[in-house]
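Okay, got some structures for you below.
Shared between the two complexes below is subunit A, which has subunit B as its partner in the first and subunit C in the second.
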Partner chain A sequence: MTAARLPAGLRALPPLTMVAMLGPVAAGLAGTLLPAAGFYPAAGLTTLGLGPLQSLLDWPGLAAAVRLSLTTGFLATFAALAITALFLAGWSGTRAFLALERVLSPLLSVPHAAAAFGLAFLVAPSGWLARLLSPWLTGWERPPDIAVTQDHWGLAMAAGLTVKEMPFLLLMALAALGQSDATRRMRVAAALGYGRVAGWLLAVFPSIYAQIRLPVYVVLAYSMSVVDVALILGPTTPPTLSVQIVRWMGDPDLAMRLTASAGAVLQLVLVGAALLVWRAGEGAVAFLGRRWIGSGLRAGRADAAARPVALGAAAIAAGSVLLGLLTLGIWSVAGFWGFPDPLPGGLDLRSWMRFATGGGATVATTALIAAIATGLSLIFVIGCLEAEHRRGKALSQKGLWLIYLPLLVPQVAFLPGLQTLLLSVGLKSGLGPVILAHVVFVLPYLFLSLGDPWRAWDPRYATTAAALGARPAGVLWRVRLPMLLRPILTAAAVAMAVSVGQYLPTLIVGGGRVDTLTTEAVALASGGDRRAIGVYGLAQTAAVMVPFGVALIVPALVFRNRRALRG
Partner chain B sequence: MFRTTLSALALCTALPAFAQPAPSDWDAVTEAADGQTVYWHAWGGSTATNDFIVWIGDRVADEYGVTLEHVKLADTADAVTRVLSEKQAGEDEDGAVDLIWINGPNFKSMKEQDLLFGPFAEDLPNWQYVDVDGKTVQTDFTVPTEGYEAPWAMAQVVFMHDTEDLPEPLPTAEAILDWAEANPGRFTYPQPPDFLGTTFLKQMLIELVDDPAVLQQPVDEADYDTVVAPLWDYLDELTPNLWRSGDAYPQTGPDQLRLMADDEIDLAISFSPGEASTAIADNRLPPSVRTFVLEDGTLGNASFVAIPYNSGSKAGAMVVANVLMSPEAQVRAQDPDVLGYGTVLDVAELPEEDRAAFEALELGVATLSPQDLGEVQPEPHPSWMTRISDDWTDRYGAGR
Partner chain C sequence: MAEGLTLDGIRIRREGATLVEIDRHVAPGEVLTVMGPSGAGKSTLLAYLTGTLSRGFEGEGRILLNGEDVTDAPAHARRIGILFQDDLLFPHLSVGENAAFGLAPGGRASDRRATVAEALADVGLAGFEDRDPDTLSGGQKARVALIRMLLSEPRALLLDEAFSGLDAALRAQMRTLVFERARTRALPVLMVTHDAEDARAAGGPVFELGGGA
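== the complex of A and B ==
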């Protein structure tokens, strides 16, 4: 079937999708580049030049902040990928693996800020672990003065990012596992005398990695430029570059906004450079892997040692997020809770009562934005996938890069520019623009979650339906969409989770007039009241888990008499 | 009434659609305010303040038909950025921000950029009760307010101490240093440029400088290096004895409060005499916390609200500013169970009933009485704050 025979609406959807996704990024970047070059009419600054760059270079913390962005980004990405790979290598198909798979959705639903808060309270010198062990084991009557969090090297921050990114990479790797022919490869490796871990790393991992490469890049770009996690767990003298950019944006001296823009451009360049370095690293790892294969080394003993390490690392990563969530729950109802009491001295429900009176509108706004952004994105994505299917052309590698682009460009690099742009074309702040900004981030994830199941659908159903007289639209509406109900709902749940978690887009594009659970939670976080943070962290997590629950229950109800569609 | 309606009508027809009634014509203001929605951009990090703003919202809705929406900021400068972006984009008539909780450098910045509406504050009916002579309500960090912002709360520096570990007040900067050297790791302050952290630096500067009068002039007109040298000497000695040896700092005032609740520190600065009592009542501080002031007095200033030039609801915003200055709201704000903020009003001059309400207030376990708060020192010119904060970052905040 040729493109010319596609209905006009379907033909228009793919280019429209690209505009919706990439237009804001491009426009926002332009809005950042101009001030970085000295052009900022609102502050009466119109002299183009290198002034902003110079003031960026004059900041004494620059070298350390750049180093931090790089080290935390690489460390977190490498650790998350290593735990994912080793755990898959050592344990896929076992009961331990199923157990982790089962807690994967809750792990993914915990917002980054909430997870970071939970972790910070867990491991701080005055945190829960120390309280449980003091003073009977540690002898501490007062918390020791040790920099466990906010350490100079950003290790706590890297750890916080690792435990949150590991589940994401694991989810992506699980999706890729189906197309990697793992069972047969493992059988060959075992026949050649390789242990479980070595065999998996050498025979299966390369094909998995090729499929999750872009998600890994997203993790790297995100870890390098994250703001909320860095604020909670990162060092402060100096902070990471992205945190400093946000500080400069907030400086009462308006000229500092030019420095912020120059910093944003530097952040963009850093992320680009880091991606190139990582790409080169891939080549190096591949080379070493081939050397290993060539050497014929079976490494049986290392293989046996790697399994418990992998299990321990994955369990600690998952456990710290879940325990952190538990501490948020305890804090949300805690009376005064001093060191070293293992539990709060009393119950205090005021934070929940405040939420009950004022939280309803916020929950409604959050749900409305997530639902509309997801609905719009679903139309775009299904339209693109259907157009692709009818044209018989699969998405090229270049197309995949375009889809990932909004996730690879640091948010601080283009959102402030986007805000100015929206205003100058007369779009008032409010729900509409916020929803459009969310679509930019929701679309890529929806594409990625729905693409594979959509393409995996057996086209013989379409042939059969056509033979029975159905038109292409009829096939889509009456056969394909109903059959794909479960993956569509799951993808929609992922998309809603992404929307609920957006902080900077909601704050900046909404002009502060749009309150969601996430913007409220971060505003409260600046006040450091753990009870309020606990309430909003839990509410945020619940808001993400509800759609996942719907995605489980609805297909089970609809397909109660269609056994093959239930599994 | 009929005549004012008529004049309001005449005003409306004579001016373009977005013009606001003159602040001096209060009847016209309240009339225009009816039905307006006011977006108040205010720091949202304190649940106590958030609850108070909800209460103000109920008052203005009942009395004037004004809908008040609290836009909870993590940083006041976000609102300044917003107004600035709108100006850049030519949005001059109905911007996102109708009212800002503001003072100091943010006010100076907005005033200099012509981003504010006014003058309006001294035309508000409740201005008559404001303690113009006794409190610094007409200057903001030495910058004359000229009616471009309306005061609504007084603040004064106090130090909170955990009496279980630090029983006695520390009367001077030297005493604080001596105690910190004897008890390393038990004191810290929010990291400048945080407002409260910079306040600590200014407070110590006033303590250490020979003649604080020099701080009232812009920093350019003083011999900066000589004036601040004692401060850097002091901090060089203090920093190694701070919490985490000065490698990390709490990021905000409440963050610092959390450290005190976790028993990581025993001494902390606050810009609100009632904050400790409120926090104890709210389970955010241990009951053993008390407050003290320095022998020679401590810094004091006022919190204000200002209206951006491009607010579409200026009348509604003026109504909110006026209600904030009302005796009823002020007595509520001073109640430690609510906010514990100092009043901007001259209590002695209030009508009998309102004065009685103030006098009936219980101040709270950790709050000093107005007499014990001692002398209030004026804020230095804002240029000092900016300069010192920048230099602090160069010296202590950017890696050593």
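== the complex of A and C ==
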């Protein structure tokens, strides 16, 4: 009946959003597949064939690289999910849980590179923990010669990913918890004689998992193919497959790009296969869960043991990121700091001075990219949500998959192709393409963080405003957007954090010529200048925290006389 | 054509099944009470009248306001005022800004301010312009919501359980205030309620919806 037609701009936004989000992924995959088959006109190579695949297979590190990708991916995802589930099972609703949740939420936005550096500085043989425990406990007068970080098995890398992804899964699970009737289910389970952990795992977890399945897949795909964390915590000889792909991409010999493309295709296949295996694993776990329920086993003793373990694991995960950041801070102002002194002998601001004189442009570039990518994405997302509201049609499950797609396709599988494509159509790499590449990753997170508060807004406000004569645009600008100022700013801060933390899109699409805090920080990884790394790691973290501060302060100021919105 | 609100052969269906069927005329100043158990489609009927019917519902029949067919008019052009159970004052605006939200555009700023001040004073809220709506009592909020709606000069008034959120004493007061204002302005009123007391106070005809048959 009166479903007024949407204005043209609003009607165009949802398809445009899909193009902005999925276009680069599709184009990049095409740009990867063709060179992988030998077609690369930019280097004068047009004969299709298996040459690139052959040269990939000839790389002696391949088997180890493939194994690493699989083990780190499965290990990190499983550990992060297990800690999340056990922690929720054993502690949700308790005071300890609330306290840790408050610590974990901001940790979510700490850039991966900063967290990885922090962890490395904490647990390395010459790291802060070893210094604190030496020599009185360990007897070490000099750093022991053991590979704690960059270990051959990728355990440090998996640990780094676990502590960084656990807060992500926990927050996603918490959002799902509200829709799973957990309290009443737990009451029933308790009445039937199940303990806290067992009752939660059997009665609540299945419906939570169904809702966080896509985020779990994102963690798996990401952990298998991440580059920056692998450069910092992963093994070097041979490195992980994704790191090797980036190396090949940077090779002055253009033919190596074909090998890189073949590697990227392999990485894509690996992630796809791993997702299928994980999916099959879900079925197996569900089967075992049913067997457990069928057995009637209450496992009371295991229940009691599981709780402290869960709390300990969650606390260690949160603590290692926090202590890591603290370690970065100490190193950034450290004078001479000999092993095994627990603290540096003196303070020295030289690294920060150097950053103050030379780092300004980098900070500006980082902020500019984050601001424009976030601004563009905000227009896209708010346009899509508003179109959805006016059409009265909610996002389908299929739509949700599309939003997650850019996060499920490994970055290293399509970004090289995207850059190759840009070059072959004569586009220079630079700031513009980098911003568009950031939008691909910023958009999904913005959708996910703004969608819930947007939809939770009481539509009767819209009815009331319309009954008072406000047009749909008036309802949006005069009522909805101001009322949603706080969640919009928070979502924008999440988006900025995503942009600031991006390593590969900046490096590859920028052709190595666009320097952000993250690319500069990761570039320092091989050098071992701990003071400079400390400065850049902290600067990265600060760049992420500032928007969150703004998102707290601005609504408090604007709404200082509006109690209902002060929060 | 007849003055007032005419519901001409209105029938709302979902997935083919008829949910609401009503064919009535509400004269100016009259209150038609629509009663029925929850789920009988009371709110759906109001959504059809305000032009905000959800997808999945199909409505047919005409809505006439003083003889003018507004069935196909967009929600903002119908000039049908509505009050809900909650006051739904816009929390980011002051009391005065809320009241002025629906004022027709144009005119001098000082005149607009005077209009709002007068309306506020009229319901015993003189000088409340700059207050934060959230600091008002329930009864005060309900009164601001009422004058906000009246200042937009609606041609008909819909009440969606508008008194259910108030305690007994306030409720009687608010009912009297709303019905009195509607009568002075000769507004046709359609009130949806599950409270028989509301219907008695309205004194008009009662329409029973659904009954869950």
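Note that in this section the second predicted complex is superposed on the first by the 546 of 567 C-alpha atoms of A that agree within 3 Å, B and C clash if a C-alpha of one lies under 4 Å from a C-alpha of the other, contacts with A are read in each partner's own complex, and residues count from 1 in each chain.
Quick note on the criterion: a contact is a pair of C-beta atoms (placed from the backbone, for glycine too) under 8 Å apart; a residue touches a chain by one contact, two chains touch by 3 or more.
Please read these numbers as outputs of a predicted model, since none were measured by experiment.
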Partner chain in contact with A:T464 - subunit B first, subunit C second, else both or neither: second
Touched partner set for A:F559, first subunit B, second subunit C, both or neither: second
Subunit B versus subunit C as contact partner of A:R513, first or second or both or neither: first
Which superposed partner A:D251 touches (first subunit B, second subunit C, both, neither): first
Touch list for subunit A against partner subunit B, complex: 40-43, 59-61, 63-64, 124-126, 142-143, 145, 147, 150-152, 231, 235-238, 247, 249-254, 257, 334-339, 346, 348, 350-351, 354, 358, 416, 419-420, 423-424, 428-429, 507, 511-513, 515, 519-520, 522-532
Contact footprint of subunit C on subunit A as seen in their complex: 1-4, 391-393, 458-472, 474, 478-479, 482-483, 485, 559, 561-565
Touch list for subunit B against partner subunit A, complex: 39, 41, 43-47, 51, 54, 69, 71-75, 77-82, 84-91, 94, 96-97, 105-106, 108-109, 113, 165, 184-185, 191, 193, 243-252, 254-255, 257-259, 261-264, 282-284, 286-287, 386, 393-394, 396-400
Parts of subunit C lying in touch with subunit A, wherever the complex brings them together: 47-48, 50-55, 58-59, 71-82, 84, 86, 88, 90-92, 94, 101-102, 104, 132-135, 148-149, 152, 154
